[in-house]
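Heads up: the structure comes next, in structure tokens.
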Amino acid sequence: MQRRALMKAAMIAMSMTALQTTTALAENPVLKIGFVGVTSGPAASWGISNQRSMETRAAWINETGGYKIGDTTYDIEIVSFDDQKDPKRAIAGMEKMAQEGIHYVVGPNVDDGAAAVRPVAEANGIMYFPYAFPKSLYTKPASNAILGMVANYQSGPAIYKYLMKEKGVKTVAFIAANESDPLSQRDSGVAAAKALGLDVVSDNVTYQVDTTDFTPVLTPIMRERPDLLVLSGVSPANAPQLIRSARELGFQGVISTETAQDAGVLTEGAGDLANGFISVGGASTPELASPMMIEFVDRYTKMFGEYNDESNTKVYALEYILETLKADPAAITDVTAFQTTMDRFEAPNPYMKGDAKLRYVGMSSFGQRRQVAVPLVVNVFQDGAFETLFVAEVD
Amino acid sequence: MENITKRQLFNVGLFLFSIFIAVPLIISATGRWDFYFTLTSVALLAIASAGVWLTFYIGRINIGQGAFALIGAYVSAILVVKGGISFWISLPAAGIFAAIVAIFIGMLVLRLRGVYFAMITLVLTQVVTLTALALPITNGAKGISSIPLPSGVSLFGIPILPDFATMANTKLAFYYTACILMVLTYAALYRLVNSRLGHLCRSMQQNEELASSIGVNIAHIRIVIFAISSFFGGIGGAMFGSIAQSVYPSSFQVADSVNFMLNCFLGGLGYVFGPMLGTLVLYFGWDLLFELGKYQMLVYSIILIAVIRFLPNGLLSLQFGKGARK
Amino acid sequence: MEQILANGVYLGSQYAMIALGLTLIFALMNVLNFAHGQMYVIGGFVTYTFYGQLGVPFVLALLMSCISLAILGALIEKFLFAPVIKGSKREESTMLLAAGIAFLLDALILLIFGEKQRGVPKIIDGVFNWDFRVIMPYDRILICVLAILSIICFICFMQYSKTGRALRALAQDRTAAQLMGVNVDRYSMIGFALGAMLAGLVGGLLVTITGINLGMGGPTSIKAFMMVMIGGAGVISGAIAGGIILGFMEAIGLAVLSQYGDITYLLIFVSLMIFLAIRPQGLMGKPWG
Amino acid sequence: MSPLLQVKNVTKRYGGLTANNNISFDVAENEILSVIGPNGAGKSTLFKMISSFVPTTSGEVLYRGERISNNKPHIVARKGIVRTFQETTIFKSMTVRESVIVAQHLRAKASLAGYFWGSRAAKADVAAFGQYADELLEFLGMSEISSELASNLPQGNLRALGIAIGLATDPKVLLLDEPFAGMNHDETMRMVDLVRSVRDERGVTVLLVEHDMPAVMTISDRILVLNFGEKIAEGTPSEIQNNDKVIEAYLGSSDDEIGM
């Protein structure tokens, strides 16, 4: 009887698998774009916002008749793999993408995953767009990774410079989670701040990712009374709590981070205390958002019930892939064609008002064009929403 | 215990045939090349899980194998990248280093039992991760990346092992390497369990007091077993580092330690080959459920719960029936 | 110094509550409940949904957390743990089940409550500031007091109620309790439900301060294990002591060791390991085979 | 001739509690010596100190003039002093024969590595172990149950298994912890014969802790009586039976039959 029950469970699982694979039949040929990232567990929100923006965009394209590359109109299918933030799984995910014949993958979301998939991606001719900052991923001899956002060592200096000029910030303190990504970001942030002549009063306070109370963590920093507190690589879950604790401890200065945040999360977690919090965002603030961006947010909200502001920075990777393919249809199966196209590619940025361009940058940081040019939009949180503080360009 | 029956011999032959010949054939026939990596992972994780199983065999719940896998991965990476040593030398070195660390830690913690031991090994995983983050030699948070592929080995001018970097298909090479290591590990494990050391382990697992009353130096055997267990962990970790060509403090973490333990439970603590099957089902199962998208985790966990609910003594208890075998 | 003390009391009280539920379940059934942290998270989300989203009064929302977790715990015990414990040759096998349940709850949390960090409006505004020597927001003080009250209630319940006494008898010696006429199956279920309820209660309380997200489950479990180990597994006083000690260790450790920067936590963990190696059964526990 | 085992001024305290106070006695080779006493007299603790399962607070135990107390149990076992257990301390999921084979650990000639590689010495050992196990089980009259799982054995057989495990180590001195507890008269008499034959045919010196007075009187060459951690008498069974102190001690606590 037990065996039968087990069999039954297995059967159900298998039939569910079968059901899932019968995706919508479309007349257009399908172009598959991959996503390898974390969509379960503690860091799920990073990957999920990523995956959902891709799915939203794909559904939108398919609904409006597909995407024309060369002479063919394609339906876009997003193939997602949950790597559970484990580099070993990320490799498996990249292998799976190769298996599916996919050449363009968004992700992984973290440093170790991005480094681990490199051999697979390069061996199988896959261009991938990690949200990880180590320069070794993008500088030669690495060839297939394209940084999908603005790195903190690019946005950090811009923010510090602005704050030095506008707010007279002179001293700065850094705090980071005791994990690879935030620590690396802190180190490069510290270097940038020092280069700008800021006085770094504290740079070695760290917290465990599972911290629930940040008061003891922040207390030693507060004694230094810095003008600026930088939350290096802070996860959206921790940011409101850090802000709240710092403010409750009587911190008066500016708090900033170089990662993307969600306004809703900040409102719920810190409320008014988060006013004045500076973070890097995409182009969804009313001052910048194009009609297309607004529609994107709309569709996303309809599809998943709630928008996530982290997606503002994550809307771009898929657009870049498609636009570049459009510019050179041969690149659909040939990544070397893609790589050569990257050097001269340019298209209008549909998500932003004005004449911003989509193009590949990174010459000054990586010595080759291995970064998407997204506008460096620095936002400030005010009463439940983000306002644009300033916009800068990355080269 | 000395006489291997014909049936066993046949089973072993069948097993070797399937992993070395049938699997590659099936993969090339179906074109599912991505399974190579998954199966390679299974083989390597099964090696580490074998170590955990061995500590279970002396009655200790070990949630610290991730620590030793990470140590192994770092030792190998550091030797290869900073020392310029061949990977094939760094591999056993990684295992031995992990074993030495295990001896020191074991002397301190092995008298703990039950959940206390489980807990302290869990903390150990965190300690090693944090140490890797803090030490300069491990490159801290930045990890070690761009590790070269295993180089060729030749003895007296005769090539024994090919240079992986020049290979067109490293997947297959890694698959074979991992499988060979796994077969060696389990052969050793089987021998060990069925030799006197294994019998002594069993006696300790069942009653440490009685074991010491018949003259078994339990403290000594515990350390030996823990060292062997960690050796396996180190080997598995080092090999993984070489495939990923990078090692980060997060390459093996608490979740991995827990998974190693779960592999053993799932396969069945009473069976030498339990951890291998457990690893295959747990790791491969996740991959197979990939199509389910956001329900992947849900279905995966439900199946896991169903298995343990109906087969509480592990998957292999199905084959042997209740109470059969040791 | 006063600040460290205050932080320690606050952290210790909430930790102790988390550890209590875990240790109760452990004492009763020798199950190391890996899913404890997930239960805590569910408790937080339930309170969030009722208080934060639907506008139900906080106390009622808290009650909903308790009830839903108690029911969940009872079901899990009855249909999963009890049969597995009966059928399994080695009682550690329940660890696999517990881990499976942790995965399942994680998946359910993600599907039902989403991936985002959630928080609720502050229940009381304002910060208590004693001349910058002790700074403590009022809501924290309230939660701390509530946590301490709950712990006292729980202890009284275990000491004086009939159920509590039966549970303690069960924890001490299963067979003896059975001989004394305690309905072992029933009380195991009640005990598990109670343990889960405690997790839900803390989740509900803390959502007002730290918010909640699905990632908090696993780490919370691990932290709870540590507290239980420090105090001694399966002993209620031990769990409370362990919680308070870990709370103070973090508060003091972070203050004293902050100059060592990145290795603060390394030092905390290493000292924990050394402590356990020297005192294997924790502060108050009995060695467990 | 010096005695085989000498217990010299041994004291054990647990916190403020004195379990054994300044106890001394000798055991001669090939003797059966019983330690008796009412519940809580400290008999078990004495046994644990002799077998080094617990350290002494003061005093020492000598074996052939060599100190064996405050040592590791396995080292004491190696010297030939082996204890059995009061409770049902057995290898639950091994068969009787397997248990006896494992217990021959000390007789092994090959190294552990030798067993792993299957060296000649190891193979010889394995054969010898099996042979000796069969022999021993035959001797103990346990041949029919040799392939039973230990956890399935009835209580009487469990004690015999305990003795078999102890004997398998080739001991010089066997410490039996309440070998007759919970047995009926017939079983007890069979066990008495068995213990005797162990001494007579295998030259093993036997030290036992027991409650069962008639059995002790039949089996022992000499008896040692403890009360409240103190030695109150020592002598032949007939001497003990007529000792006033002993009678008083037992009358004072006549109601307890089972216990430490």
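Letters A, B, C and D name the chains as they come in the text, with residue numbers starting at 1 for each one.
Everything below uses one rule, namely that a contact is a pair of C-beta atoms (placed from the backbone, for glycine too) under 8 Å apart; a residue touches a chain by one contact, two chains touch by 3 or more.
This is a predicted model, so every value here is computed, not measured.
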**Asked** Can you name the chains that touch chain C as well as chain D?
**Response** B
**Message:** Quick check for you: compute each chain's CA centroid and the global CA centroid, then name the chain with the smallest gap between them.
**Reply:** B
**Prompt:** If every chain is reduced to the average of its C-alpha atoms, which one ends up farthest from chain A?
**Reply:** D
**Item:** Computed distance of Cα centres, chain D from chain A, in Å
**Value:** 71
**Prompt:** How many angstrom lie between the CA centroids of chain A and chain B, rounded to a whole number?
**Reply:** 34
**Fill in**
Note: chain D sits from chain B at a C-alpha centroid distance in Å of 42
**Message:** Can you pull out the residues of chain A that are in contact with at least two other chains?
**Reply:** 39-40, 178, 183
**Message:** Counting only residues that touch at least two other chains, what does the list for chain B look like?
**Reply:** 130, 133, 255, 294-295, 297, 302
**Message:** Please output the residue numbers of chain D that touch at least 2 other chains, ranges allowed.
**Reply:** none
**Request:** Can you identify all of the chain pairs that touch?
**Result:** A-B, A-C, B-C, B-D
**Request:** In the complex, go through chain A and note every residue touching chain B.
**Result:** 2-3, 5-6, 9-10, 13, 16-17, 20-21, 39-40, 80-82, 84-89, 91-92, 95-96, 98-99, 110-112, 115-116, 118-120, 123, 134, 136, 178-184, 187
**Message:** Touching residues of chain C toward chain A in the complex: what are they?
**Reply:** 3-4, 7, 10-11, 14, 52, 106-107, 110, 114-122, 127, 129, 132, 135, 137, 206, 209-211, 213-216, 218-220, 222-223, 250-251, 254-255, 258, 260-262, 264-265
**Complete:** Within their complex, chain C touches chain B through residues 26, 32, 34, 80, 83-84, 87-90, 92-93, 95-97, 99-101, 103-104, 106-108, 110-111, 218, 222, 225-226, 228-229, 233, 262-263, 265-266, 269-270, 272-274, 276-277, 280-282, 287-289
**Item:** chain A residues within the chain C interface of the complex
**Value:** 39-45, 48-49, 178, 183, 203-206, 208-210, 212-213, 215-217, 219-220, 236-237, 240-241, 248-250, 262, 264-265, 268-271, 305-306, 308
**Request:** Within their complex, state which residues of chain D touch chain B.
**Result:** 51, 53, 72-74, 77-78, 82-85, 89-94, 98, 101-103, 105-106, 108, 110, 112, 115-116, 118, 122-123, 125-126, 165-166, 168-169
